[in-house]
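Per-chain numbering from 1; labels A, B, C and D assigned in written order.
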Amino acid sequence: MSVTITGAPFDPGALSNAFLAQSDSAGAAVTFTGIVRSTPDRPITALILECYVELAENEIATLRAEAIKRFALLDASIVHRHGRLLPGEPIMQVMTLASHRQAAFDGAQFLMDYLKTDAPFWKQEETAAGTEWVEAKPEDDAARQRWT
Amino acid sequence: MSVTITGAPFDPGALSNAFLAQSDSAGAAVTFTGIVRSTPDRPITALILECYVELAENEIATLRAEAIKRFALLDASIVHRHGRLLPGEPIMQVMTLASHRQAAFDGAQFLMDYLKTDAPFWKQEETAAGTEWVEAKPEDDAARQRWT
Amino acid sequence: MKILYFAWLRERLNRGEEEVTPPPSVTTIADLLNWLANQDEALALALANPAQFKVSLDARIQPHDAPIAGASTIAILPPMTGG
Amino acid sequence: MKILYFAWLRERLNRGEEEVTPPPSVTTIADLLNWLANQDEALALALANPAQFKVSLDARIQPHDAPIAGASTIAILPPMTGG
């Protein structure tokens, strides 16, 4: 389950526990969970994610290998959903395992920053008025740049 | 369950899920789990944590409030065990919830850096040869300093 | 070769994929984007700013100066918004 | 007032707590650490480097220049190693 692209819901805590179960000599685990957000000033009824699954699998596997090497991670796992998701549902989860906390944090942030700009997913917000493509954010490019 | 100091084992994934369940308008959750580490070059049979419980509750509640304010977190939760723990068992867990990922990551790192130096826990490593107090690390003080 | 279009690009073109046969002078991804933009008005509009698109050859992202020879599926990818 | 000792400090002193009655001239945490270090040899050795200890008054950490008046439980805390 190192890289999973799925149309089905997942259980964040169950995934974390499965990931932690193989944490023999690890001291630190970081989990990032992205959640569908609906706020009072911008209420949405759903978030629809389009995905090029084959490419996502390839790119995220490459990113994962790079993160493991760069931060000396003991393991890393990425799960990303596509399809139609409701507010409050988990969109994706990144998990890292390392001997020490800074590596686990850095690895998770590195993966998140790259996933935002380099993983072939496209979000559409569904509101009462219809659907609208989410625009790519310049600050996501900037966040990715800090690792280069 | 915002701050829990406990002598009993806890289920990391179940705690994450309970924390995520109240994530209405949040977009990002970060969980850090610290795990008892036993490595081939330094095998231990157990980690024994001494704690001044009343002080830990007060100090961690203060830290939590500070993190929430400083990083505009929607919520934060800290669980920390004491007593005798076996390799692979979770020692502690920090969870943060925010609108955006950077705040969730920063809040979790801030809490971890302060917990290392300002929460009244003392670790003892138990090996075949006996028990030994873990020394405080200068790099933990340095990590804390970056937030001041 | 097969071209795949995703997200708003797919919507604007009203198709997710199509078969194309560019002439031999089209050797790189950049050439292909330029050639496609000259195929019809919808493509011309949608691909007006080619630098914003990442492009994959057989499910691997490649730089715009990469040769397309041998690729059977080429995807044109608007700025991504995952994570 | 009650003094609590933790971790290796508790082990070195062979006690986790004790009742003490410092004279009125002992007004701050720093004064108290200095006064305790003069009570017996074990304390003198263990508290030789007072700056390394955090100290709490009634379960709140306070700076070494804080007055101890009114505190009923004072804990002397070796460098912490939690998290």
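By our rule, contacts are C-beta pairs under 8 Å (C-beta built on N, C-alpha and C of every residue); 3 or more make two chains touch, one makes a residue touch a chain.
If you're wondering where the values come from, they're calculated on a predicted model, not measured in any experiment.
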Intersection of contact partners for chain B and chain C: A
Farthest-lying chain, centroid of Cα atoms versus that of chain B: C
Distance from the mean Cα position of chain D to that of chain C, given in whole angstrom: 71
Inter-chain centre distance, chain A versus chain D - centres from mean C-alpha coordinates, in Å: 48
Whole-Å gap between the CA centroids of chain B and chain D: 26
Contacts with two or more other chains, residues of chain A listed in rising order: 34, 101, 112
Multi-chain contact residues (two or more partners), chain C: 83
Touching pairs among all chains present in the structure: A-B, A-C, B-D
Touching residues on chain A, where the partner in the complex is chain C: 34, 49-52, 54-56, 58-59, 80, 91-92, 112, 115-124, 133-137, 140
Touching residues (chain side chain C, partner chain A) in the complex: 4, 6-8, 54, 56, 59-61, 75, 77-83
Residue ranges of chain B in contact with chain A within the complex: 11-17, 20, 23-40, 87-88, 90, 99, 101-102, 104-105, 108-109, 112, 143
